[in-house]
């Protein structure tokens, strides 16, 4: 069968929010470690994970949204967080990016604790909203992001747009682009900014089959370069769909 | 690998805001048009006697400009919030207060400067004595940044709401009271031949304080309302 | 800060607060009514008539305590708001938001009684004096806090946002007072001497102090009553609330 992620694909671990809610954090951590150890020697060779969360929990109005969870993400890993609507996937990404203050627990990036007063250069978040100004062109939007976040070596906005199949749209106002094209511009931003950790909220939404393949190729390339990504998806499609590396992690009852 | 510096981030932000205003340059004139129309209402309501209008000219000009800048405030963070760019700005690795100060500065440039430019016309419509005009312009130059800064904190507090128009006015206007009193008071004093420097200096002191404190308060308020 | 947070965690835990306030509330209300009744009797009947204002001055026994309370309530609200914004202590959020409507009411009564008093004394309902204008701005600030609090869906976020506004307001009130004072010196035509440096006689002072005591107790009683119901509302999912509700249900049967 045609897997959407050919070649040396990064291990995707199928992490459900149900698992996140379960308090057996230790078991989850060990399960991840056990699974990844033989596949990614690089991940275990590097003792400091790119991202690690300890006893991370968030609650709103005393209602626990998720957690407490423990996990770590090493360079070269792509982890898929799967859960139903309202299970706290988006909130988890917002907390990890530093937009929201966790109710308890700590987040470490490269071993350094993340604080709200100074966020890391290493994290890029792509939320539900594309984060593009409708009246600016795709190129101008990307230039703004480069000014704020910086530029990855060996890339330019034009190259990034071309690699996402948006040649010819560089100077078109974003307002005139379709939802899928806007998503591609937002993805181009990820390619440009020098962040090692991508936090992608529903990266497959609004994309056609070709676009989904494209996202998967981007994720692979990013992981091969030593980056890491955390993706949410509420559907059982896309990155892990039909993939033999699909990894449902189920806690023991 | 080149990381964004604080300087490049501020430059990108200001450049973006100016570019956005340029793309919608028709809209940029709206606050000035609004002030013009408010001022035009007063002679219609009070009668055309130049002497009577002259007495209250400075006050009317200030109230009109204050209301116009109040209306323009909503654009400060709302569109950024709605399209997700505010999220990106908050997530940037640079100190948020500095970025917000740039944002407020760009807002002042694009909304208040047109108002200041149209002020001589407003003053002339109400027969303000020519000698008072420099004081009016000076007072506006000090007062309008203060209005933008004070308003920004309240906008930051209401940014997550769907409709905030009336509430925003309720939050902002009590903060605008002292600014209005000193700015219009300086002009009235000048018109009456009294010393007018003290209120202007007080405004300047307020502006200096606000320049330091407001970006910090704004960042804190924004964090509260996007959580 | 450590002892402070310890104290707050002990007495500020919602169940403890609920029980304490349920115990105190009826006594406080009773004490406020009793002392208020004595104070009113003393002020309206026992105290001698003023040699200048005759019986009209007796409104000060309502007006002045309310004016004091309008400021006291604001300071109480701002202090709690500060604790709520900085240390995110839930009871402080609730106390701050509960004192806003009570304070607003005191401010409105102050303005109303001031106008009623002003009409026979100065022949006008209203004058743009520094005191009156600051009181009016104070009312607007209260209304802004209440409006902001009720406009945000999430109760805790609303309390923090409105508390932040209350803190801005506490800087604003003295500035408004000062600016209106300055403004009055510019427009000398309309100055009215409100409360001159008059010395108040002891026979009038003690009813006034009694009334001040009564309004203070009343303030705390109604803040506690309001906080108690919002504690119940916000903690409605918790076990201790369920126990109380069940216990009351049993009693009613």
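Going by the order they are written in, the chains are A, B and C; count residues from 1 in each one.
Simple rule for what comes next: a contact is a pair of C-beta atoms (placed from the backbone, for glycine too) under 8 Å apart; a residue touches a chain by one contact, two chains touch by 3 or more.
Values in this document were obtained by computation on a predicted structure and should not be read as measured data.
With steps allowed only between chains in touch, the distance from chain B over to chain C comes to 1.
Comparing chain pairs A-B and A-C by the number of C-beta pairs in contact, the larger count belongs to A-B. Think of the whole protein's Cα atoms as having one middle point; the chain whose own Cα middle lies nearest to it is B. Remark: chain B and chain C have CA centroids separated by 33 Å (rounded to whole angstrom). Between the Cα centres of chain A and chain B there is a gap of 39 Å. Look at where the CA atoms of chain A average out and do the same for chain C: the two points lie 50 Å apart.
Multi-chain contact residues of chain B (touching two or more other chains) are listed as 227.
Within chain A, not a single residue touches two or more of the remaining chains.
Here chain B touches chain A in the complex through residues 1-4, 8-9, 11-13, 15-16, 19-20, 23-24, 79, 82-85, 87-95, 223, 226-227, going by the rule given at the top. Interface of chain A with chain C (complex): residues 60-63.
Of all the residues in chain C, the ones that touch chain A in their complex are 154-156, 234-235, 237-238.
Against chain B, in their complex, chain C makes its touches with residues 85, 133, 137, 140-141, 143-144, 147-148, 151-152, 157, 160-161, 164-165, 168-169, 172, 175-176, 178-180, 182-183, 186.
Across the interface of their complex, chain B is touched by residues 97-101, 116-121, 123, 125, 127-136, 140, 143-153, 173, 194 of chain A.
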